[in-house]
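Please see the structure below; I have some questions.
To keep things simple, chains are lettered A, B, C and D as they appear, and every chain counts its residues starting from 1.
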Amino acid sequence: MIVVMKSGSPEAEINRISEELMGWGLTPEKIIGQHKVVIGLVGETAALDPLQIQEISPWIEQVLRVELPYKRASRQYRHGEASEVVVGTPDGPVVFGEHHPLVVVAGPCSVENEEMIVETAQRVKAAGAKFLRGGAYKPRTSPYAFQGHGESALELLAKARQVSGLGIITEVMDAAELDKIAEVADVVQVGARNMQNFSLLKKVGAQPKPVLLKRGMAATIEDWLMAAEYILAAGNPNVILCERGIRTFDRQYTRNTLDLSVVPVLRKLTHLPIMIDPSHGTGWSEFVPSMAMAAIAAGSDSLMIEVHPNPPKALSDGPQSLTPDRFDNLMQELAVIGKAVGRWQQPAVALAQK
Amino acid sequence: MIVVMKSGSPEAEINRISEELMGWGLTPEKIIGQHKVVIGLVGETAALDPLQIQEISPWIEQVLRVELPYKRASRQYRHGEASEVVVGTPDGPVVFGEHHPLVVVAGPCSVENEEMIVETAQRVKAAGAKFLRGGAYKPRTSPYAFQGHGESALELLAKARQVSGLGIITEVMDAAELDKIAEVADVVQVGARNMQNFSLLKKVGAQPKPVLLKRGMAATIEDWLMAAEYILAAGNPNVILCERGIRTFDRQYTRNTLDLSVVPVLRKLTHLPIMIDPSHGTGWSEFVPSMAMAAIAAGSDSLMIEVHPNPPKALSDGPQSLTPDRFDNLMQELAVIGKAVGRWQQPAVALAQK
Amino acid sequence: MIVVMKSGSPEAEINRISEELMGWGLTPEKIIGQHKVVIGLVGETAALDPLQIQEISPWIEQVLRVELPYKRASRQYRHGEASEVVVGTPDGPVVFGEHHPLVVVAGPCSVENEEMIVETAQRVKAAGAKFLRGGAYKPRTSPYAFQGHGESALELLAKARQVSGLGIITEVMDAAELDKIAEVADVVQVGARNMQNFSLLKKVGAQPKPVLLKRGMAATIEDWLMAAEYILAAGNPNVILCERGIRTFDRQYTRNTLDLSVVPVLRKLTHLPIMIDPSHGTGWSEFVPSMAMAAIAAGSDSLMIEVHPNPPKALSDGPQSLTPDRFDNLMQELAVIGKAVGRWQQPAVALAQK
Amino acid sequence: MIVVMKSGSPEAEINRISEELMGWGLTPEKIIGQHKVVIGLVGETAALDPLQIQEISPWIEQVLRVELPYKRASRQYRHGEASEVVVGTPDGPVVFGEHHPLVVVAGPCSVENEEMIVETAQRVKAAGAKFLRGGAYKPRTSPYAFQGHGESALELLAKARQVSGLGIITEVMDAAELDKIAEVADVVQVGARNMQNFSLLKKVGAQPKPVLLKRGMAATIEDWLMAAEYILAAGNPNVILCERGIRTFDRQYTRNTLDLSVVPVLRKLTHLPIMIDPSHGTGWSEFVPSMAMAAIAAGSDSLMIEVHPNPPKALSDGPQSLTPDRFDNLMQELAVIGKAVGRWQQPAVALAQK
């Protein structure tokens, strides 16, 4: 923490401030410049609020934090190494991480009935996905819109998991439902609208299933890493960060603005694995392939793509869902980029045949 | 709902779409223009998602909603009349509404100890506030920051209520704590970060205490009214909307951008009472008076202002808190504007003396 | 300027950096903390780019500027005093400034014909305005929209000026037209879209007429003050800053988001007078009165309001224009607030009669 | 254009509106729905402002445009075909377009001296770039920052062009300098800050050199296409659109938010070629490679990358510039993606050798 004094600050005031800060257990060190005096604060400053120090004296011009406010989420916390999030699925463990093949998650926005979820699971599995996404509880802007089938949808996800061998990723909206969800889900998702629902973050952090943390619509990267820090601090080290588009001034042609630059930025700041969701990121299925390609080239560890057997009839998010056929094609297009950057998994069968 | 067809759409396709929409229970009516065909949809379209209709055919260029997506929150729902939210307090009912005097809510960000909360309550009461704000459960960006004293703080609020006669407004972050909070609070607050925590909205909507709904950092006015609609649809008609600043590209000198234009906009769209929070809106106590004055002149029904007996020592949000002395002065400044616009309550004593 | 080194930076590197910075004419002073080393830079750092220093070494974590990047625009430049911009008009000098009565500027978006501009001038004069606004050259999003009547409109403004006694404020879009415009205009306006047209800023700074500088749609307050600095540095000390709404994520009900908090923020940072334009700020005439009232209460020095004799027939910006009758009423409403805060000019007649 | 009437609109008023609109040369067609009446307007509506129609009657709820406001820039204008912008360079014509190899533009932010610009030109040419970028006139936030060497820098660009065989792209900030710039430049750049400097747009549209139009910081895609429309309408059909990052709420780790989704969106809306500038888009050289890879995978037609022989000594934008060595490596990385998507030019030599 660095305290910058206004020009002309009286020496007595600078001394008074230094003493007060010593009382807080800090070691202040003065630099006397030509126009200004600056006080460097040495000690445990991570829990301090710069704004609080500001209030000590009207002669303080600015208080600047030079340490990161997150710790467990920082890349330094693992000495620069990426972490791996290993998720058990019926077909064996799948690893999310910088040095592993791209993991594709696919499926419908919401679980509508057994036939559609099982069929979708089988189709996306065949195309190369490792996880099935599908909402049992749906956050909807309108109270009059379909809110998800709830508990019965969880059963259908369990069925689809068993039949397809895919892992399951589904969203928790209410801590009261967490146990039921965690019974079925291999990864528990916290949605964008709940990214700063700190009660929920503490609770998903206190249970053992890996957590997919979507970025809030207006969350800075620092806000997002602080939300991850809540989960990590509560004891759960398995967090995957998912970018799904941010809210900007232009929403005419895309629902959100997909911020792909998070890939290199997060890579620098954190050890946690990164997922990109181009379906929510753009809101329109026709823009998904281009952004999915870009995400792989940018270095994403994972992709989440909405697939629905009949998008026009989908109970939610139809316009951003691909058909299974379109998803098959996309996977072939993605393979081209994935292989070019060395992040595409060789099919097991092909390997066995060699 | 209006469906705009692409130029050159085949007549057969237009007929097919019309038939499909009839199957949805709607009455389509065609207008054949020079370049385009447009289909007007008559019937119950409120629950429909325009995007879903879009998906029926690639020949559809746009689907435009012409009805409001919110109903109970709309001004029309009350035939143009403003609603009144009447809150019982120890000193009698206080009314929030367009045709009533401005209601001032004041108090610290968080309840720190008995002395500070009682002292603050007495000071803000003396200055003319009707409600005490104070957090027992605090949403904090960092898991390492002070999270509020929880249940014990609720007891202190109850004490301050009893001593001062003020009503209490405090935030609920977790539905599990709602009952305890509603026992003490006269108004239950849903914070900006939980504005789209739909599970929580349903629960505060299903209990009887009035709800203060803060606008989310990146919530459009429509999102905000839809969040209010969740509460209204769950059966609670007593919702107050509180603007507390939105997130924009400029955060160097203010923490948020206080959007005062919500006052005339909400007045037009909804019957619900409006509160402005210039403390969170600007983030700095020195900017609070100017924005509080502006809020009254703009026509706000209520103000929420942070007051702390010793801001530099506050456990949270010190920089945006006024001292009780500064708050006394501010109330006098506000009275000037409040009287000018006819929204200032005559002090009870003065009335009695007449 | 403060250079924060990464933890574990080698001493040799810190010394190398210090030497390099001495070569730039700066005096580096080290503070050695528990985890970090910080280098304070003393000397002429105003022209330096923090990012450039960052590049000296990969061991540099952050470079923080502690000086303001603007100088002539800063409040300190005038030792905390507000500046006054005195504008000569046919009816005598009008002063824009913190310690002077509110100045109201009114008129149509664009000058359409002699009758309308003269009539509008007379009406707004009668209601209490001191300046007539009206565009001869109009920045329009579409090349197919009305672009202003240009030179002939300047003649009509000169006529309206003569007839009404009002000062004239009109926009310059092209430096080639500056001379002609400055012949007629008492204040030359630089529009929001040209706020960072640095060539134009230099040219309006090199001529003698006062300049009204509108804030760019996505300009931070610092960007805006730096744009003012261009004009001041070119030799013209008479700059008025005009807020006209910024671009945010919500544009459904208002065209822009009027950022009234600039009033207290600018008051703190700069000595320059402040104007608020609620017409562009909201985009709808029905929201103008509420925001104009708020602007005065917030402490604005001036207001710019669009008035058109027949808004539905206006060639541009009709929906945000008031009729002259509505403007008359508004001036009476504004007087109530203006008087309450002591910023309303006593009518000359009234004074004479005393 | 579609006019939506408020519920309960009197029939007489609907008829009056219809008649008024007929007076404007339009053919109104009514649809009478259950709750609402909607009037479809047939005729030449492109030049009409929806807001103007809105003003005809207080009974009008909304006016919705269903036609695009841009014409020459639209994909339909070329019947769905992409356009090609062919630029003559000393080494022969280079084509920008959807069905052509990726064109790489590289070079420093500003031209500093002969040695640096010639050296950079030779290095980027050797690595595969087709154009040299370099500023003679620089838009800088501060009037005290280096503003470019102006005319003498143009001579150096001419020299570098001759020596290297590269085409030249350089920015025009002032119409007065356009002729001199167009003498040297093969492509004239309009910068982000001047995207809505309509005077300048008209002038670059009236000269024959191709124009690179950067997206404004807060320009919607529609604003951007309308700016292109100004150039096209003035007679110059050769416009390239360059995304360079937009301004959002998060600017802590990147200077702007690079909006890569413009690639598929523009592809759908317009026939014009697309360029991505990851250097300004992110502001930091370390993030450039990842975003450059992503841009190619997304389908961009061109890339603009800042390269400086000694970034820490650059007079502007050092932190976002790559060294020539780093650029060499990057071109090899880009080739991998470029070949995978079939957009990489085979080197002439290699082709000759086959």
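Convention: a contact is a pair of C-beta atoms (placed from the backbone, for glycine too) under 8 Å apart; a residue touches a chain by one contact, two chains touch by 3 or more.
Computed from a prediction, not measured in an experiment: that's the story for all the values here.
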Furthest chain, CA centroid comparison against chain D: B
Equivalent interface to C-D, taken from A-C, A-B or B-D so that over half of the residue contact pairs match: A-B
Centre distance in Å when chain B and chain D are each reduced to the mean of their C-alpha atoms: 40
Distance from the mean Cα position of chain B to that of chain A, given in whole angstrom: 28
Centre-to-centre distance between chain C and chain B (centres being mean Cα positions), rounded to whole Å: 31
Overlap residues in chain A, where contacts from two or more other chains coincide: 218, 247-249
Residues on chain D engaged by chain C in the complex (per definition of touch): 46-47, 49, 51-52, 54-56, 69-70, 139-145, 147, 173-176, 193-194, 196-199, 201-202, 216-218, 223, 226, 229-230, 233-234, 247, 311-312, 314, 316-319
Complex contacts: residues of chain A adjacent to chain C: 2, 4, 27, 29, 31-36, 38, 40-43, 61-62, 64, 66-67, 218, 247-249, 251
Chain D to chain A touching residues, read off their complex: 218, 220-222, 246, 248-250, 252-254, 257-261, 263-265, 267-269, 281-282, 286-287, 289-291, 293-299, 336-337, 339-341
